[in-house]
């Protein structure tokens, strides 16, 4: 848990071969309500074809200053731990972004990093652009996409850089990762990589970083000639990520953003349960009890922390997106939640 | 596998707001048969409310010298890798325990440790109390509760201290851990953290330590107005832990202790299967065969080791708790088991 | 993914107490078609009884020079990180093998290694035999069996030796491993150790090594008096290993070899799917698109890598075993596959 919020990490290709090449980027920047991601990630990397890279960068520099978007903006640049030319392109993109729209972005997303030494190079690329263009040290964050076997191997040491650098988030990249390991989709999808997700969640928490799940690419399902949005598949993945303590999920599509914003808010039932148990535990504690059984569950100071997470998440989202908390919770529950929060301070 | 035995790690709050504040502690110390845990853990930490901490410590110092308890006694003190005052309270508790009842306890349980450096501080606290009060070096063991993201991150290096220190056991603390990582119970419980459990089992084995599972707090289930003990839920968790090679399970409640003591003994079927296959393999080996197919399974020297674990567990429990092995196994099977054991020596 | 191929790692005891003690070894060496493993592993270790070890070594030295076997040959010798006499026997076996049949073998399989320091000893044993008998440096590879808690603990550092030594493969040894950790088969088999398998797959990929799954020993099932080969159980394990990106599976038996050779080839459906999506993506890319939705799936450069793995596996197997690819794929699909491969170069 960190107080920075990123329930949704939505990538949008910064240029596509359409009449208006910035169509998807603009639509992300104009999104509202549950369709608005906490982080919008204009994509200069895999989502944009090679011959549109230059136009994509122009689109970002042109649209960001005029965008009404209220969340954070983190462009994804090109990078590779094995290809020096990709890193050079990435450095150029970082320089242009910082110089042109540095005050409109919150950080840079760097994909395909390798071992710790490569991560150091990536951090350095942002840091030198920052100082070259007159920004204060640490003005811009870095989010890394963990998608090579080398980065996974060094994950513990890479995450530890979160304690003393601009590193802010670790994002999983399952598609490239599956390609690296030679994992096979034999008709029932890619592996979930639960070991990796557990480690990602742990190392992020141990070092004050956000942990974000990877994209879900089976966007649509076909059944007897009719194609529908795969609402169930994506929701299951996001619920699993929330269950393991990941802070947010990757979205490729506005409907995914709606779902991930919802799922990374506690449900009404969860909030009612945790607020009620906290209230009752506080009463029991006033009577000198360290542990008490509530609705069959043994509750003590440790259990209380998980309830506090629920309350804290609602409070943080309520501050930034009151229209979302207002849509999900009844007013009296929300009041009890915020009151509980104040009593803890 | 180590020869020290801890199928059950039962915590008992050392003081509760009742007429007899030592009620639960006394009941643990007087437990018998399958209700008696291998380790009783008088709890001075989360199970005891702040205003009863002093009384809790007095209860422990008063009851231990007169207790008929035949298992090991490991009090849990306060600690925290992030709060110096908690560590100070822990050091005071350790000092009092060692000075007052050092000869009645087997070791100290230290919760909420962080990275390796914090573990070193915790080990040092026990070691200086030990020498201050005239005990020989290593007279008292240490069991650590792994429940912070930092301890999980450093687990490999922490466990390695088992080779040259008083460290004896690693215990999982899933409630605090879920709170740290922000894991959510969205109606179907907390994650099992299988990656963590695998690593705990491995690192304990690699360094001669015991590995103990975490508490199961959904003690009771309600169904149409009737509340019952959740026998199924706890048994499933304990079976899963035994399956992964954990040596024991945490108990919060006498019925849990009965179940965990049972489950961490091989069943009759398991023992019969493994004794019989060992007998048959030994015969085949006498005829010069390295690998033989028994009941469809290819058995060789490696397989034999897992059978040996079954036999060894029964032997160790039989030595300490013959009433338990007597209750579970038929006499002839027990005789074959003990005979097999002798032939291996 | 490495270009060396080992879909099947078949162990054969090098001597059994039969009239012809080399019966199983010979049958492995004479195997053909889908019954022929990519790697044959003449076993001098657990599969061979102590009193037949000398004869086993003679069998290997006698049969290899005349064998028609077209795959790789990797004898398994004795070793142990905890028993010096076993290591001495292992060194003697390595020396004899290299001196007598060094030109007929591709490498040595070393079991029961411990921490990194023990792995260094094992690598050194092969390297000194190699230079003593006039082979060029690195002529012989080493495959390690990961089956102790110590090796699992050091796995990340052990695998890193793959970058600058003769180390070529990491093989899982679940039977010894379960024995070490005290894991229990309580009627539903041993744990799958998914955390370990994920790490094995990752560390192998991060360091250019092959990752091979462990043996499946429930060879046969009995049902109402009739015993049948457990085709379902083994296939499920091998499919799981392929899903996680392991390069190959361990076989104890010719029928297992047939299944693992098949499963580690993409199915017709997989190949058709990935070839077709690659063809369609290439078309879209020619029109300036970075990401495109194909059959409901969002496909970009990252997705393409997993398709490339499918194509590459088929190509590599087709080069070495055209009779196998010919038996599995229709001619037109195979042609499209090989054409696609050429267009990528």
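In order of appearance the chains are A, B and C, and numbering begins at 1 in each one.
Assume contacts are C-beta pairs under 8 Å (C-beta built on N, C-alpha and C of every residue); 3 or more make two chains touch, one makes a residue touch a chain.
This structure is a prediction, so every number in the text was calculated from the model and none was measured.
Asker: I need the rotation angle between the copies subunit B and subunit C from a CA superposition, between 0 and 180°, in steps of 5.
Answerer: Angle of the fitting rotation, subunit B to subunit C: 120 degrees.
Asker: Could you label the subunit A-subunit C interface same or different, taking same to mean over half of its residue numbers are used by both chains?
Answerer: Mostly different residues.
Asker: What whole-Å value do you get for the distance between subunit A and subunit C if each is reduced to the mean of its CA atoms?
Answerer: 38
Asker: Give me the residues of subunit A that touch two or more other chains.
Answerer: Within subunit A, residues 194-195 contact more than one other chain.
Asker: Help me check something: in the complex, which residues belonging to subunit C touch subunit B?
Answerer: Spelled out, the residues of subunit C in touch with subunit B are 13, 16-17, 46-52, 147-150, 152-153, 173, 175-176, 178-187, 190-191, 193-196, 215, 217-222, 227, 230, 252.
Asker: Tell me, which parts of subunit A touch subunit B in their complex?
Answerer: Touch list, subunit A to subunit B: 1, 156, 159, 194-195, 198-199, 201-203, 205-206, 239, 242-245, 247, 266-267, 269-270, 285, 287-291, 293, 295-303, 305-306, 308-310, 313.
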